[in-house]
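First subunit A sits with subunit B, and in the next complex the same chain sits with subunit C.
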Partner chain A sequence: MPLIELQDVSFSYGKTPAIDQLSLTVEAGEWVTIVGPNGSGKSTLAKLLIGLLKTQQGTIQVAGETLDETTVQGIREKIGIIFQNPDNQFVGVTVKDDIAFGLENLSVPYEEMLKRIDHYSKAVGMDAYLDKEPSQLSGGQKQRVAIAGTLAMKPELIIFDEATSMLDPTGRQAMLEIMHALKASGKTILSITHDLKEALPADRVLVMHEGRLLKSGTPRDILRDEPLLKKARLTLLEPFKYMNQLAKKKQLTDEWEALLWQSAFTL
Partner chain B sequence: MKNIVIGRYIPGDSFLYRMDPRVKLIALFILFVAVFVIDELLVMGLALLGILVLLPLGKISLKKVYFGLRPLLFLLIFTFVFQILFNTQGRLLGTLRLTFDPLNVALSVGIFAAWLFLKRFTSFTFISFLVMVAGVLTLLSQLTLLASFGSFTIAIYEEGLLFAIFILLRLVIIVTLSTILTITTKPTDLNLGLERVLKPLKIIRVNTEEIAMIIGISLRYIPTLLDEANKIILAQASRGVDFQEGKIKDKVVQIISLLVPMFIISFQRSDELANAMEARCFVPGKPRTRLNQLTWKPLDTAVLVVTLTLMIVSIGVRILW
Partner chain C sequence: MAIRLHTVSHTYTAINQPAVHALKDVTLTIDATDEFIALVGETGSGKSTLVQHLNALMAPTSGTAELFDVTISAESFKDKSIKKTPIRKRIGLVFQFPEYQLFEESVLKDVAFAPKNFGLSQADAEEKAKHALSLVGLDDTYYARSPFHLSGGEKKRVSIAGILAMEPDILVLDEPTSGLDPQSQKMLMDVFESIQRTTHISIVFITHDMNWVEAYAKRVLVMQSGELVFDGAPDALFNHPELSVWKMDLPDRKKVLNYLQSQFKLQTPMDDFTQLLNAINGEGDQ
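Right after this comes the complex of A and B.
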């Protein structure tokens, strides 16, 4: 049974559909990256998944449960989400308070709360900042606190909705490392981005355009597909450009391909 | 704009800082009752003496308390003067006859204008104000060279003076007590204490937790919004808006150029924040556990006992005196 299953889901804010008859599945333990330009409906998809928006057509199933008003609270406990703006999701007055916010909502007992705050602040490397206020933290640190706050609620799936787009390169790198660690610990990751670099480490990449799914495939398939990316208004990463040029000249050896693939990670 | 201080909290360590915020609020209330029950000037003087002893014990300097009193100074003076001028009971203590002639009125106006101009150069605004008033009164009462066109007699009566002092002491005590509370308690702790103290209001369907949540989020976002305002001021200044100078008409335009973006940004923020809170399973009104626990210490019991005793004593004094 897939962890997430969408069937013919549609949603529109006005006349133009933001999500148009979208069907997709995410398996448990998978790292799926959804790429698409601005306005392709990817953030709307995230809001639909955690029930902040209601589907106008079709059904969303999470771990076998159909998302509706009666199940939405239970499903929100299974799905954590990190939003784009680090400042607008920091609820607590201090780091400690913010990590505790979700736990308080779940009525987690006091002692258990202390344990989880300790554990998850260490997991994201923010244990030295527990009493700091958000104005004393960088954007990347605030995002790490948001991750700790979400992880402390022990979700099965974590959605990163453009979570790195407002960060500097160091902050972004730290976030990616945390995502790798999460993947290794068996969590399911759904990363939503317009940055193709974040598609590299994924198990599967979905390309969205105007509310529809253009293609689903491995990063290897998607990232070299120039016409597809052009249609989705995304630009090919440099190493894949060279890969395609070499392939055209029939000079693309396995060695070159591996090398270029590696170089994409260092961008 | 980093590390901005909200409220008047000043970090420190003394028994006043270590008290449970709930106890601070309740004790403050009890002491307010006691102060309002007192009707003898002597007892009120003793109460003030008590506070003057409390301040060094709680390691709070008089200067900090003065900063708390400062915004209310003119109100205190006004009440004091008003009582003296219009309470005409008891023995007559003395009179001051003011006569007005063109010369001394002109000189008085001159002194007042000079004070208005000079006060920005001194940090003793209040003292210079007193000196200015004394100067004007002396001029008006002593100097009469030209034909006067009117006169006014200030008469001070014993009871009026004593009652004026009594009222002044009462106000000073109340303001000082509240200042001690705000100096020694972080806004977040104060918020938490208020939430717990007002919990009984649940019976009349006042959701104190929700109110506390709203106050808490406001406290959290004040520095962020100030930061934002600063950014907008810089952005507008770089587009030619001059926030420093200008006539009132220009000021309106300047403020609008700040307020409109602030409004839009605040609404976007609150929308995103509401999403983030909901995504983390926040449901308004649903019972929650709390990370911030308040612990009742022996100190708190002692403080409550002392303040309650003070209240009972003041009630007793009032009945038996």
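Right after this comes the complex of A and C.
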């Protein structure tokens, strides 16, 4: 049974559909990266999954349960989301309260709560900021706190909606390591991003376009497909430019392909 | 010299909070024309705080910011006779979070607000707004929409258009490419570059993406813990021994070529892939 299954889902805010008859499945434990142009429906999809928006057509199932008014509460406890704008996330007066708030809602015992606040604030490098107000943080610091708050709830599925867009190179790397650890512990990851480097370690890449799925495939399939990337307003990463350059000259040996693939992981 | 920061420090203070020294003795000049400056540095290093000193949104706690013909200091900032609005028109700042900038009921009104506020007729202001919106890739179907009911990347574009429509003498952009799809990132950087080339205004942009630093910046500033630790050419930064100490990295091209070069045990650094191929095949490698 897939963890998530969308069947023929549509949603529109106004006249044009933001999500247009979308069907897809995500298996438990899968790491899926979602890419696509601005306005292609990525955040809308995320909001539909957590029941913040209601499908106008079709059904969404999470762990076999159909998402509706009666199930939304239970399903939300399985899903953690880091919103595109971290300001939309904060409820606490301080960073510490903010992380605690989500845990209180889950009735996590006090001792355990303190432990998790400590652990996750350290994991994102924000343990020195626990007494700050979220509004007093820099852009990247806000993103890190939002990530800590969500991870502390230990959800089954974590949706990252451009959660690393304002991190410095080191912070972005650290976040990828956290995602690897999540994957290793069996969590399911849905990561929305404009940075194709973040698609490299994924099991699968979904390319969205005008509310539909343009393509679903492995990173190897997607990242080299120049016409596809072009249509989705993406650009080839450096190593795949070289791969295609060699392929055009019929010089792309298995060795070159392996080497260039390897080189992509230095990005 | 259009902008001259002299030993600018900024300390954030709040009740029951330890003081945060976000800027420490930053001294820096920016020319009125032809600058294309990238401002980089790790999370929380003071970049957003710094750029808010470039258009009198913030006052130094100590030190002075000379912005064209006005000098802003802790004291003069409180002086009502010193008008800040003209400075903010000449030095336009796009915020890191577009939500802080958007406020009107429609996209067109939002973008036309500044030009109108600065004295243009309704029709002329809308003309400027429409042109700015086309530059950021938003067509007329967006004009009547609420700027709050848009996708993240669309909001970002509106906030950038709002400042472009003001036609400032200096354009300051706080992470203009974050939230945009890759092709739009490039499109907008090209727009900034073309404005810079044709009007000769100076541009300052904050980024975490070294590819844009390499491709567009003529000068790069690095912040670390509130201090300006580097001011020089992008190439000099990428060859700087402290690059990783500052939590910065290399552009993708350099990372990949360096990796390949080490795999083939080649001595000289390569500028592009073709050169690397030639070196491997024993051609042109002196």
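Following the convention adopted for this analysis, the second predicted complex is superposed on the first by the 231 of 267 C-alpha atoms of A that agree within 3 Å, B and C clash if a C-alpha of one lies under 4 Å from a C-alpha of the other, contacts with A are read in each partner's own complex, and residues count from 1 in each chain.
One rule holds in what follows: a residue touches a chain if its C-beta (ideal position, glycine included) is under 8 Å from a C-beta of that chain, and two chains touch if they have at least 3 such contacts.
Since the model is a prediction, treat every value here as computed from it, not as a measurement.
When the two complexes are overlaid on their common chain A, residue A:Gln136 makes contact with subunit B and with subunit C alike. Of the two partner chains placed around the shared chain by superposition, subunit B and subunit C are both touched by A:Asn85. In the superposition on chain A, A:Lys47 contacts subunit B only, with no contact to subunit C. By the touch criterion defined above, A:Tyr13 lies against subunit C but remains apart from subunit B after alignment on the C-alpha atoms of chain A.
In the superposed model, A:Ser165 lies in contact with subunit C only, and not with subunit B.
In the superposed pair of complexes, A:Arg144 makes contact with subunit C only, with no contact to subunit B.
Common to the subunit B and subunit C contact sets on subunit A are residues 85, 87, 133, 136. Residue ranges on subunit A touching subunit B, taken from their complex, read 47, 50, 52, 73, 76-77, 79-81, 83, 85, 87-93, 96-97, 100-110, 113-114, 117, 133-136, 149-150, 153.
The part of subunit B that touches subunit A in the complex is made up of residues 1-4, 188, 216-217, 219-220, 223-224, 227, 269, 272-273, 275-283, 286-293. Listed in rising order, the residues of subunit C touching subunit A in the complex are 12, 14, 17, 20, 41-44, 47-48, 96-97, 99, 149-154, 157, 175, 178-186, 208, 210, 247-249, 252-253, 255-256, 258-260, 263, 273.
Here subunit A touches subunit C in the complex through residues 13, 36-39, 43, 84-85, 87, 131-133, 136-141, 144, 162, 165-172, 194, 196, 230, 232-235, 237-239, 241-242, 245, 259, 262-264, 266-267, going by the rule given at the top.
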